[in-house]
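We just call them A, B, C, D, E and F in the order they show up, numbering each chain from 1.
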């Protein structure tokens, strides 16, 4: 289980420096160091013996196994090597960072990010479960984003961070995809299974897809061309982060992945022909570009890319010895490159510039740094007796005789040698121009070597370079053996680490590299003036930049074009979609043949007339829609025609409701129209009238076809049930009403809720809203001075009682005959509105002084409690009950809970209509706080009496 | 009869759709109302067109029109009323606050409206704007 | 116009009676239950809504009222036939005109009643009232003698109404 | 018989009624906004209701977790003659998610927001009532009714606080939805006109036995219905209304709206397998067919357009609106597959995105309130006062939203990818789109964060007003984030539940059997009448 | 049978007056003359049809049916009010709010065809 | 007898409706149009009563009554609108 402690300790304890942040830099640095050290201790104390004994330890964290998500860890040689690098260099970096950051404000954050990164990186290298690997992989991207953007007050840092995240994030996505693909081929995400099932994987048709996706992940992370450009950009990170992430660890994740998966996916032609060319080209081109870098970190970044390219190429070759060489180069590169970065950081820290054109002469001022950096640079160039030489020789050797290249075998060594030449050149340039050349700028405060402890990490690393270079077998022989075995298993080749392998082609290539590289260095003035480096460098970065520029531009255009919030545009889209999708079932020929019409009825005079009236009203509304009042009248014709059709076709309740609603709508629109323009002007820009007409006609045709289609086929519905049970079990003869208050009472409850919400929202919209009254009508005439026409004012009074009486009647008998709560409520509201119309807002409101919001609430509560009441009797919600109660003289009186429910409906609807009318009626600035002459007791609702 | 009925519904729906596509709130309200007429009639008609069979139980009568579509339409009509009222008030407030009764969003934001156009007083509009900014 | 404050429970007894009858009418039933209900509502509704109709006209002379009603219904029938002819005859021969009727009535309700009767009788329509309610504007569909129309209305309707409603 | 189902509707309704009466009594008729005194009372009432609803929801989840389908026959009538509520894993999950979200919404509304108008809590409760009902009902027309409730409540909430932007944004939203409601009725009408029933299960039964001559007509009806749901779910190309609408709402309402699009998507997965399976999937589930040929491109287009919109968004809130749209695309991709894996992915992603994006809306508001006159505009500005909290929240929410591991978005995306892999016809299109859009949104997200939290100038204390950010204003955002983290940490149980839910949703026979044969406590006479 | 004849008579009579009312509405020359037309439809037209209905339903299944009278009552109460308001509206539309003086110009403007 | 007369009666009433529509279209004044709509409502009452006789059902009574009531209030509202604009001042 301790395997998982190695990554999880730093990952989960990453917050500690944040908490200790206020205690000062020393404390935070120590806390970070201790966390890393704890992990390191576990690694060395617990795992090292086991790993060197050839054992592989596993640990599982069950996350979501049923979804295929798990975290599984393995500690084998390869994992151990990377853990060693991550933790060892990590500790050195923390030490280095303590001095480098000095009194930076946000140091705690830095250590926190660093620990999280460290944990994630350890997670990547110890993952057995590939999804887990992706998880950690992405965390490294995010934490790297945070570290690169640490100095976020500069645009360069922000852009560098975003790019790093973008490119590695894209890789992470591809990796996820690839892992899923390969995982599905063998039905497992476990590395062991993948390795065991290699033959199954590579034989599958989806292997190429999965492989390409995974390789994209590896290439982006390891900054292989053309995805390399993020790494130079990431140099705006604080140098400790660069030393850590961009030399030793994160960028190695890509090559780690290659070597980790090579037993499962590698050694195929596809693998070879993708990985090797990418690696070789990257190696050569990056080294070439590095020569032209003036920023020492930039130079080191391209150098890193180049070395990663070499490692990539070696893993692409897949020969056992190539893999060994690659592994060795990983170790070596980590040591010399980290030390170089640290040295660069020291220079930057002391001299405050990293530009080779401004540096020089540090040899005297900073002798220790000069020695260390020079040794490391020599290792980078591949000078014998240093570690870089060893692995480079092995690498050169492995590029020879690649049988897969056939006739073109010479290409690989040629390219590698070119890369070697450029490496030598840029290494020389780095060391010479920074330390040995004459100083170009005179400085007021001459720089000096940093504190001893800041140099200590560099010293350690450079020491390693030398030790490995001088006695490789002793220093790394055992480790390399274990690591290589964990990758190659029984393919483990015979090899021996030695400083000198005799005269071979590789040696010849090395000599070539030094000779030509030295030549180039000596011609550096001319070479630099030629500025050839600029040709290749920005291409990929520009492409990326342009790509996002274009995405954002397209996004803007598309979004702006689409989202103009034009209702007519949106509706046109909706209707068009309806036409296309709705008609699609009829596209196949058989479907149209299936439309056999079965039953039709003859034309009858009355409905034909009503239908004509309906269509007449609609067409007239359309034709005259610019004259708003006219349009309203014509719409009234259609409404009336609807009601007549309902009445004619056996739906008396519907006819009643339609008339009522039609009236309500008209009054509401009239109330609002007073404050709206009375005419609809023609639009200056004709908005696609023809297209709209076509859409409208097609929609009309569509719904007509649907109507015709439905009406001409037989119907077998559930309606018989209602006929059978309405009276006997529902207690009413008006089936529609029994449906409304009983069978489908929940619908009605919902319906009155809708009304209530509408009223509430309207209250909200109109609260405190006052609009100026127009002083003239649409024709410019002054209003009639007669506010309350006499005849209406007088006649409204007796009519009130009369209409209320009828409303009570309609309410009470709705269960058995047409009528019911809704219609009764509308009648009541009409009677009350008539009072407003006839005698004015002030008069009527003074006599109707209750808050209709409460009436609505009471109504809703009544309906709801009627429904809930049945729960008390162990019956489901809204189970109705009714009975006949003998009352002296009167006879049996039917009382049904449904009636109570209908009363709730009644109250709600009355309240709602009155709220709407009153709110709208009040807009015109009638002061509500009009002094009342006497306080009239609020009349109770007449309905309550019933 | 079915064809005639269907045609009438189709015409109403077409008029409604066309009006809905107009760029003014009032036309939209008209269109919506017409469309709901068409929809309600359609929904009602799926119980089939039957004369003199109102679903009110009468002794000795066994054949009734399907009551379910009627109940559905009833509910739909009432909900439609609520919605229409809401939209009308919304259109009213828009006209007062935004200063026009365009329903086509950004395209016509500053197009002047002819005719009577009452406005809320300046201070109130300023206040709503500042609230707008804050939320 | 009556100055007397309306009764609390029975503000409009005649209205209550009308409501009682109307209830029985609409219920189409004459059972005890219906009658009881009619009574309850006949009392309750006017009582609950009395604020909307604070004044209470108190008609007298029921017989006179009855004859006025009969006369009025008769006029409706007769005038309908007369007007039917006028409607179908060519427009050119129509001689429509407005007449003004100086009102002797002062009670709001009485004036409204008179105006209604004038309108319900085909051939004449009450079109407007001066703000001081002293003159009623009536449109006549076809007449040669405007003064005759005024006189007829005043004699046949206004006078009896004034007596019945005491004003 | 479990009355929990009806309580899920009745509790918020009753709470709303009580809250409205209380507010109307305390504030009287004509005030522009709720008074502090009224709010204290109403808030207490609302909290009681919210917690009660949450308890009901948890009770429901517990009840059906084992796989039960609870049928509640309203009015005690046998199926399919009256309305039934059906509780299964999916509906329980939806109610639970909504009520949990509502708790945080109410928390976020506390203070300046709820006092910007009247009846906030009443409307909130009614919105919850509509949502619960829509999730529970097993009747197509009743679904329409509850849709109307939740829509009109959402209109009220959308306009809450007033202002011109809300008004004009609301108009488009409302009108489009009203057209949608009309269509809903047309579809229901057609179904009833051919099949003669409204119960979702019964429709499924009758559709399976439909005369072949009726099938095209029924398919049209089913597709129209799906379009209605897609309109509410904001699936392209009928998604256009969403960004401005959500962007106009006050933050707590926008947060609540994170669940609104999911209602439309819920309705699709609820109705299509049970009611329309035989019509739309003649070759069985999982094959490409009449529905998926529209739905799948729609979801893909949604995802692409949403990503483009996010890239172009001028402000953080707009940005989140487009993320909502993107989440619709992702959920749509999962649901659109109509396979157990697809549904599992869709369900997980739905829960994840609802919670995370709700939190994101709240965060966007906090950011806007701390940046003075710049509000949430994505340009360099002053350092927010609570920059540290805000940036941590942003980082985590952004990572979750964009699908970075180990947060919930990653799991959701992973599940969608896995589900899509199973179907060769969907594989490449979905994979390419998801990878491409995830890439773009990752970059865009990093730009947004970089602009808001890195590219900052001098500290400029915002004017201290009622909208100044207090510590406690972070609480709901933290809470939602905690839920999101739990979703990832407890991926196993959540995933299992989602998978079981997916299987249950696709198991039409069991559903139909439970609904149609649940007649145990019905009076015998009724049963006979029903036969 | 006799009843049938009576009912038929009332119906025809009523319908004739309703029709006449509409003929008047369509044919008469100006708004004030047209106002007279519906009065006929209301009183004698609908009145007769209501009587017919009363007879039919009072003789059908026992018990008399007189509730149609309520409609008549209602129409008699309201028709004058409508007419009065419409007359006032018409007067208002003629721009002369005191007493009417027909101006052809005003009519011509109102007659202008819609856009 | 009645069966023979009813279609004629219905035809006459529908003819009346058509004439009303003519006036509704022609106007010219808004008052004319309101008057036409009012008349249309009266015609509708007649038609509904006749339909009641045709189908021998007295359930049409309420519809007729309601049309009478609402037609009246509607006409009042429209006329008041022409006169005063604000119908509930």
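The rule is simple: contacts are C-beta pairs under 8 Å (C-beta built on N, C-alpha and C of every residue); 3 or more make two chains touch, one makes a residue touch a chain.
Keep in mind it's a predicted model, so treat the numbers as computed, not measured.
Among the other chains, the CA centroid farthest from that of subunit C is the one of A. Comparing the chain pairs E-F and C-E, the larger number of C-beta pairs in contact belongs to E-F.
A summary of chain positions shows that the Cα centroid lying nearest the centre of all protein Cα atoms is that of chain D.
One finds 60 Å separating the Cα centroids of subunit A and subunit F.
Between subunit A and subunit B, the centres computed from C-alpha atoms are 37 Å apart. Computed centre separation for the pair subunit B/subunit E is 31 angstrom, with centres defined by C-alpha atoms.
Computed centre separation for the pair subunit A/subunit E is 67 angstrom, with centres defined by C-alpha atoms.
Contacts with at least two other chains are made by residues 565-567, 569, 571, 575, 630, 648, 652, 673, 703, 706, 710-711, 715, 717-719, 722, 744, 747, 750-751, 754, 757-758, 761, 765, 773-774, 784-786, 789, 791-792, 795, 798, 802, 806, 817-818, 920 of subunit A.
Shared interface positions of subunit D, i.e. residues touching 2 or more other chains, are given as 141, 145, 148, 152, 155, 159, 162, 168, 171-172, 175, 179, 186, 189-190, 192-193, 244. Counting only residues that touch two or more partner chains, subunit C has 22, 26-28, 115-116, 126. By the touch rule above, subunit E contacts subunit C in their complex via residues 17, 20, 23-24, 27-30, 32-33, 35-37, 39-40, 43-44, 63-67, 69-70, 73, 76-77, 79-81, 83-84, 87-88, 91, 99-100.
Looking at the complex, you find that subunit B touches subunit A at residues 1-30, 33-34, 37-38, 40-42, 44-58, 62, 64-68, 70-75, 77-86, 88-93, 95-96, 101, 103-108, 111, 113-121. The residues of subunit B lying in touch with subunit F in their complex are 51-52, 54, 56. Taken in their complex, subunit A has these residues touching subunit C: 785-786, 790-791, 793-798, 800-802, 804-806, 808-809, 835, 839, 844, 847, 887, 889-891, 893, 936, 939-940, 942, 945-946.
In the complex of the two chains, the subunit A residues touching subunit B come out as 564-569, 571-572, 575, 600-604, 607-608, 611-612, 614-615, 618-619, 621-622, 625, 628, 631-632, 635, 638-639, 642, 645-646, 648-654, 657-658, 661, 664-665, 668-669, 672-673, 675-681, 683-684, 687, 692-693, 695-697, 699-708, 710-712, 715, 717-719, 722-723, 726-727, 733-736, 739-740, 744, 747-748, 750-752, 754-755, 757-759, 761-762, 765-766, 769-774, 776, 778, 816-818, 822, 909, 912, 916, 919-920, 923.
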